[in-house]
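A short worksheet on the structure shown next.
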Amino acid sequence: MIAAAQVTYTAAQAWSDLAQIGPIVAVTVALLVAVVVDLLLPRGLRGPVVTVIAIVGLVSALAIAAYRLVNGYGGPAYFRFVSGDAFALFFEMLFALIGVLAVIVSSSYVRRRGLYEAELQVLTLAAIVGMMSLAAAGSLVTVFLGLELLSIALYVSCGYNRIELPSQESAAKYLIIGGFASAFVLYGMALIYGATGTTVLSDIATRVTSDSAGNPLLLLGVLLMGVGFAFKVSAAPFHMWTPDVYQGAPLPVTAFMSVATKAAAFAMILRVFNYGLGHLGPEWQVLLAFTAAASMVVGNLMAIVQASLKRMLAYSGVAHAGYILVGVLAGGRAGVAAVLFYLFGYVFMNFGAFAVVSTLSGPAGDGDLYEDLNGLAYRNPTLGVLMSVFMLSLAGFPPMVGFFGKVFLFTAGISAGWTWLVVLAVLTSVVSVYYYFRVLFHVWSPLPEAPVRFAFGPVRGPVTVVLLAGVFAVALGPLSGFLLQVGLNGAAPLLSGR
Amino acid sequence: MLSAIWILPALGGLIVCFLPRGAARVGAILVALAELALTLVVAATFDASHHGYQYAEQASWIAQFNVSYHLGVDGLSVWLLVLNALIGALAVLATPAAWPRASAFLGLMLLMESGMAGVFLSVDLLLFYVFWEAMLIPAYFLLWLWGEGERPNYAALKFVLFTLVGSLLMLVGVLGEYVFSSAHTFDLPALAAQPPSPAIQFGLFALFAAAFAVKIPVWPLHSWLPDAYMSAPTPFLLLLAGVMGKTGAYGMLRVLLPLNPHPVNWWDWNWVLPVLAVIGIAWGALLALAQRDLKALVAYSSISHMGFIVLGIFALNAQGQEGALVQMLNHGIIVPALFLIVAWIYARTGSRDRSVLTGLAPAMPVLAGVFLVVTMAALGLPGLNSFVGEFMTLLGAWQLSPWLAVAGCIGLILAPIYMLRLFQGAMYTEVAGPPDHPAEGVVRKDMARGELALIAPLLALMFVLGLYPYLVVHALPALGQGMQVLHW
Amino acid sequence: MQALALAILLFPAAGGIFLGVFNWRGSRLLTAMVGPGVIWAAFVCVLILLGNNVDQDFTYWTWIRAGSFEVPFDILIDHLSLFMCLVITGVGGLIVTYAVGYMEHETDGSYARFFCYMDVFVLAMLILVLAGNTVFLIVGWAGVGLSSYLLIGFYYWRRSAVIAARKAFVMNVIGDIGMILGAFVLFVSYHQVVYLKLFPALPHTPDATTELAAFLLLVGGIAKSAQLPLHTWLPDAMEGPTPVSALIHAATMVTAGVYLVARFHPLYDATIYAHAAVAIIGAVTALFAASIALVQTDIKRVLAYSTMSQIGYMFLAVGIGAYSAGLFHLLSHAFFKALLFMAAGNVIHALHDDQDMRHYGGLWHDMRRSSVTFLAGSLSLAGIIPFVGFFSKENVLGEAFSRGDGLGYAVWFIGFVTAVLTGFYTGRMWWFAFWRPASEERPVAGHLHEAPLVMLVPVAVLAVLTTVGGFLQIKAIGGWALVDDFLKPVLGEERIRTNGLEYLATVLTLVLAALAFAAAYNFWIRGTWSPAGWRARYGWGARVLERKYYFDELYDWAFVRPLDRLAGFTDREDRSLIDTGAVDVGAYTERGAGALSLTQTGFLRSYVLVFVAGVVIAAVLVLWRASS
Amino acid sequence: MLIRRNPLVMLICIELMLNAVNLTLVAFSRQLNNREGQLFALMTMTVAAAEAVVGLAILVDIFRVRDLEDVDDLSELKG
Amino acid sequence: MGPATIVFWLASAVALAGGLGVVLFKEPIRNVLSLVLVMLSLAVLFLLLSAQFVFAVQVIVYAGAVMVLFLFVITLLGPVREQGTVRLPWQIFISAVVIAAFAGFLVAMLRGVSYRTPDAADPIFGSVQSIGVGLFTDYLFPFELTSILLLVAAVGC
């Protein structure tokens, strides 16, 4: 009889493992309840109830994450496949926050567009579970599964608006290229597994030492995974999908995707590259340096000539990916903390901008052109001012968080020796000011006589979201010291491996 | 106390933005005058003997990078603060009641004033940079939404992009300073104590100088000025021309020189900039000669005047730099007066073209008299304020190298020519007859009492600073220790 | 005493401000009272100071302090400055009282404005004279330039006046810059600004810095005293009202250059070339101006050129080291030139502002009193025996003659020739304008009403001074020299020992000048040598003189026109070179972006292709990095 | 995948690539003699299946709207 | 040349042929069938690598269920041959070049790998029991994740 391998897994340890990944559990529970409720309730009630459940789940996840972040962080759980350390908690808190915002905005958007609401919330919840597990991943397997769960949830939500072709086209494009890229990642992971013999990141970290740079398996693995990650972060040579998908997908999905995927992808890069393959530094840094430089240039240049707001914001996302890559390249505690800080700030800047654009969309379709913004400041002053705040923050003007993010990123960059990249970043961000100010031009240009395409009704939901995002964007500027400290704590566990 | 100086206009500005037109105007005036009083109190109680920063306020802001919210005022910045507050108050008062969207306009003006006050106050490099950029945003909106001329947005965008290229390069400089200087802090005096190696200083100098050169503007980077000044509305122009240029020059004195005392690598920067300044003086003067529009003439003349300031700063000796500071104050007094007068002439005659304007003196004798005094001050007539600055700047430059001073004198020779063309072009050409029976066409529209009251403080300052510059100068030796590069 | 010294300045300042700001629309009487009264008050203060024999440097407050460069606001009271103050306030007071009458047909506003400007001028002149340090000297220097600009351009509804004013001001600014650079050199090499500290610091042997400083200060002197290179503004300055010409362009301002050299005599003693240059410029200008005066038809222009010529004499005197002789000639010139201007003013006033001598004639008969005074002035100008002009001019020429070296004789000879020419054009002016029977075009045919009392009294006083003044210093004929003794404490010992010969020279010049004056009689009146005949034969000479040796055209061609062209060039250059440079950058980025956006074709397969291309590039990079 | 124009075929190619990865994983698992590789292979299978399902669903949606058999037709979003 | 190596060469040849077939056949149905062929040959290879459970799953689940679904969808949507306008003429040429470069890299990199000869596999290595134990102890978390993944896929379509 083949003796079964004896594995001890006591109940106590089960509970402690569960506690480590508290937020993920909360969101999963919410997801399951939502699915069940979606089936049982009559048509009318479904949408709002699911939204409420989603919000409750996310808020509780947020609470758990915050609570754990405050007093003591956990260690690895489930045989080091996932860990509850500060880094993971930081991101879980971030994703829960994004989730809450996204759910509010999408519920009112969907209702206005006459779409079917419940499924979208479920998909968002699923995506968040994927992201959280990705951020908390302890092993390559979890990374891959989190990535796939996130991607598939997004493929579906991109194609959510079944009636209109652009939405489906964006979903199809995203799926095919996404599959292609995840095949690359998978193959890279297989090679790393082949070379190191284990998929657990902490073991990989110990086994990969600086002298093992010669091992071709590792090199190829790094290359392929680097390519896949760059795709996910929509860095330059692999960003081709971003504008089309952002433009095609329904607006709240684009908003969620632009912010959440970027954050999750960067968490993944930090986990795998900075932590796992720390000693292989020079190799993957060259790769990321190339993509960073390319994405800064391409992102900013392309954004100038865009006519559609969503495409412009997509390219600005590509550019910002380039800036954040500088932080990743810098590595070290300052670098990682700068990345975390910038991601937190970027979330609010970008999400706020998208939310403002989403308030423009009426039953007829998304208000996507610059002209739709004309005289926004006069029609709805709060939105106008807040849009200006977001644009200025994205452009990196001081009182707002964008500036401080850039300062920390560039300081880490320069002290790590990437001065040429920082200078390139600075010059390209001057170009970025041009198209951010073009938005300001339309927002503040005097009210045109011709009625704008979308006179939009009362939009309390997204306006509150925008307000919240705006307050965060401005308030975080002066309070950046506090947030940076949180980032530094988050970065600590990551680097303990090295 | 010092925090109040920049918070008061900031808060005031925000509040005024949302007040209705009437209340906004009154509120703005109150805030501006309170700010002026505050700065005057600081200036009055400023004791010149004490070296280093007074009224220093320090609180840690971002501990990880030991960035501290550190404000302080010393000989250099105390009078610039007063100038900022004074010109701000005048600008608010100069806004006519029937100004479109007045409350937003006044609010943004106060915000800009608070930004500039912040620049003069901050002793921490990062805080300096934050205020440096923050003052740009209201300036963009003011220049664009209320700009005259055919393409205000083009001018505003050009202004912002020009300044931004400079200031973002400065950002790299600021961070480079933090990284490369062994002090690993953003505190100016500490950074000045341990400057990095000359080669790094060379690079950092270039980065910082880019930002300040655009702002002042120094010769090759000045092409934004004509567009910006021509399309700027008059009240905003007072602040833009009067004070914003000075932040650049102040930055040079506060940040650029102490932090990189000898930026020598391929070439010595301390030699490049005085030459550029002198070219700027000549270039600005020549351009002013060629202008037909009065406002453009004054704009270009201010390039020439700013050239003196930069020349003084880079004379790297006591006379030169003190002359530069005095010249900053003088320019900050004279240019707003000139722009006010040009605006009043424009209001009365409807045109700014030097050749079209016929003799106005008989119609407005008081305006003619005031215009005469201001023109004389502008061309540096000894006895009035501008001479003191120019004399000491040229004296400093002479000690640097006689040829620089001689070249600077070109500006002195050209100044009377274009200033008198400005004055006589408007006032005296083809006057129909002796003053008591002016030509029929010219309706007697002399200066109103309000306008006179507006320009009176500037006139008084011109005389006071002309006859008793010691009032300002005695504070100078108590410059911050950051200035030890200057072998007094 | 300190307060009194400051009072000299405060009186005219107060007057100027009061008239300028308050009394602008006030009563004419008040203006008439305040204007001259303030100057007489200053005169009284000067007298008091003179009486108490004050010789002190009063410091009031620190003007500028920048490290070692310390400039106090201080007034230096010594015999030289008191001497100049006497001239300024005394003659100035007379002229301003005369102006009360001369300007009465002006409107209220302009009347007050005129006196305000006059007071400002006197203030500036006093600052110039009383300044105790180089920087304050420059302040006074430019103040005088400003007030001359204001007064020349007083009739601003006349375009020519406005142009003349601007021209004068720009010339003065060039002079100011010379002064400023001179002050720099002095401060940089001797680290002193206050006279009393600066002069002892000066070396006694001539070296490069003293030469340079002296030359630069000389540039200032030349511009202010309208000497040769920078003289073109003086004739045009006649656009201003006659009292202005009298005060500024005869008595005070133009003599500033002489005062400057006298004040900086330790510096000039320590130089050879600069000192000689002063003399040469003075002599050449004297000759040059006298020659032009021969052909001028406007009475005020004749007087202007004669002023230029007389100042040439003064420069000649200080240039050869005879400082007190120069100052004595300055004093005498102030008397008779102011007299001539005011007398001419009376005539112009009577003939309704007609200044052309050809329309005069028959004045001896119609305006006897003014003619008498004018005769006294003319004789003094020509240098005839009893008048002050003779003594001061001969004194200068005597000093030049007895200097003994080459420079002395050359300069003396030029002075001698100029004296003859002066005699001739003065005679021409007298006979042609006054003695000749009334010409047809005379605006007022009948009996000319003589000037009012307020205009005649100052003229009479000056006439008396012109005749009596000579006896102050009759050194020319071997007598006592009061002026030299008065100025000895400041200017030091006389450098030139007089030998017997120069009396001979003096007699020679006297006789020839008298003959020239007489010759003018039959040249213009009896017509033995008809003017037309001369003009036919030496036509070209006349034209050259009339066109003032084409200096104006030269300056215009050399400076004014190229400046405008250069300005136009820079304006175009600024737009094309720098402006488009910046804008192009924006355009290129835009075009680059456009090209890039073409790659976004929308075809899925091209995206995948770019993706794989990216992978290949990344692979190359990683390989290169791994191998290096 | 780069050459074929039919979206369905593209999905098949992706499946092929994932199969290839499975092969390498199992091979390495055998070589390193630990079972992680095989477990990972199982995981990839489920993921591949899920992706195929979703892919086909989306393509069916597109086909329902208009009969497309060439992926290049999908090019409204560009520029 | 034991029987195992023969089977190995045979199976890998078939897999290669199937792969080419998937890419080159014009008819979609032929592509799917060749993919099934590839999957089966892979299953045989798995057997050789003593991964019995994976072999079983591959054959039953993957080859069976997924491929059948593909077949079904293709037949539903009309298996028409590929033709119509060729929108991107240069696409084929450039992609060929790129693919060649990429393959070159793969080969160059992998040639240098030194393979360790695997030691003898104990009997329960690839068996269902060891996979089962592993799945429910070490891989517990990923297992749960896959369940969520499938749930989403179900909701999605």
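Labels for the chains are A, B, C, D and E, by order of writing; each one numbers its residues from 1.
Here is the rule we go by: a residue touches a chain if its C-beta (ideal position, glycine included) is under 8 Å from a C-beta of that chain, and two chains touch if they have at least 3 such contacts.
These numbers were taken from a predicted model, which means no experiment stands behind them.
Q: Just to be sure I understand: going only through chains that touch, what's the smallest number of steps from chain A to chain B?
A: Contact-graph shortest path, chain A to chain B, evaluates to 1.
Q: Please identify each chain that touches chain B as well as chain D.
A: Shared contacts of chain B and chain D: A, C.
Q: D-E or A-D: which has the larger count of contacting C-beta pairs?
A: Pair with the higher count of C-beta contacts: D-E.
Q: Based on Cα centres, what is the most central chain?
A: B
Q: Report the chain whose mean Cα position is at the greatest distance from that of chain B.
A: E
Q: Of all the other chains, whose mean CA position lies farthest from chain D?
A: C
Q: Using the average of all C-alpha atoms in each chain as its centre, how far is it in Å between chain C and chain D?
A: Chain centroid spacing, chain C to chain D, equals 98 Å.
Q: Counting in whole Å, what is the centre-to-centre distance of chain B and chain E, each centre being its mean C-alpha position?
A: Chain centres of chain B and chain E, defined by C-alpha means, are spaced 72 Å apart.
Q: Measure off the straight-line distance from the CA centroid of chain B to the CA centroid of chain C, and report it in whole Å.
A: 37
Q: Could you tell me the distance, in whole angstrom, between the mean C-alpha positions of chain A and chain C?
A: Centres of chain A and chain C (C-alpha means) sit 80 Å apart.
Q: Residues touching two or more other chains, restricted to chain E: which are they?
A: Only 87-88, 91, 95, 98-99, 109, 130, 138-139, 142, 146, 149, 152-153, 156-157 qualify.
Q: Mind pulling the residue numbers of chain C that touch at least two other chains?
A: Within chain C, residues 586, 597, 600, 602-606, 608-609, 612-613, 615, 619, 623 contact more than one other chain.
Q: If I count partner chains per residue in chain B, which residues reach a count of at least 2?
A: Residues 161.
Q: All pairs of touching chains?
A: A-B, A-C, A-D, A-E, B-C, C-D, C-E, D-E
Q: Taking the complex as given, what residues does chain D use to touch chain E?
A: 2-6, 8-9, 11-13, 15-16, 19, 22-23, 26-27, 29-33, 35-36, 38-39, 41-43, 45-54, 56-57, 59-60, 63, 67, 69-70, 72, 75
Q: Taking the complex as given, what residues does chain E use to touch chain D?
A: 19, 22-23, 28, 31-32, 35, 38-39, 42, 45-46, 49-51, 53-54, 57-58, 61-62, 65-66, 69-70, 73-74, 76-78, 80, 82, 84, 87-88, 91-92, 95, 98-99, 115-116, 118-119, 121, 125-126, 130-131, 134-135, 138-139, 142, 146, 149-150, 152-153, 156-157
Q: What residues of chain A sit close enough to touch chain E in their complex?
A: 2, 4-5, 7, 9, 21, 28, 31, 35, 77-79, 81-82, 119, 122-123, 126, 129-130, 133, 141-142, 145-146, 148-149, 152-153, 155-156, 215-217, 219-220
Q: Inside the complex, what are the residues of chain A that reach chain D?
A: 140-141, 144-145, 148, 152, 155-156, 159, 162, 165-166, 168-173, 175-176, 179-180, 182-183, 186-187, 189-191, 193-194, 197-199, 243-244, 247-248, 306-307, 311
Q: Please output the residues of chain C touching chain B within their complex, sorted ascending.
A: Those residues of chain C that touch chain B are 20, 24, 61-69, 73, 107-110, 135, 138-139, 141-143, 146, 153, 155-157, 159, 162, 166, 169-170, 173-174, 176-177, 180-181, 184, 187-188, 563-564, 566-568, 570-571, 574, 578-579, 581-583, 586.
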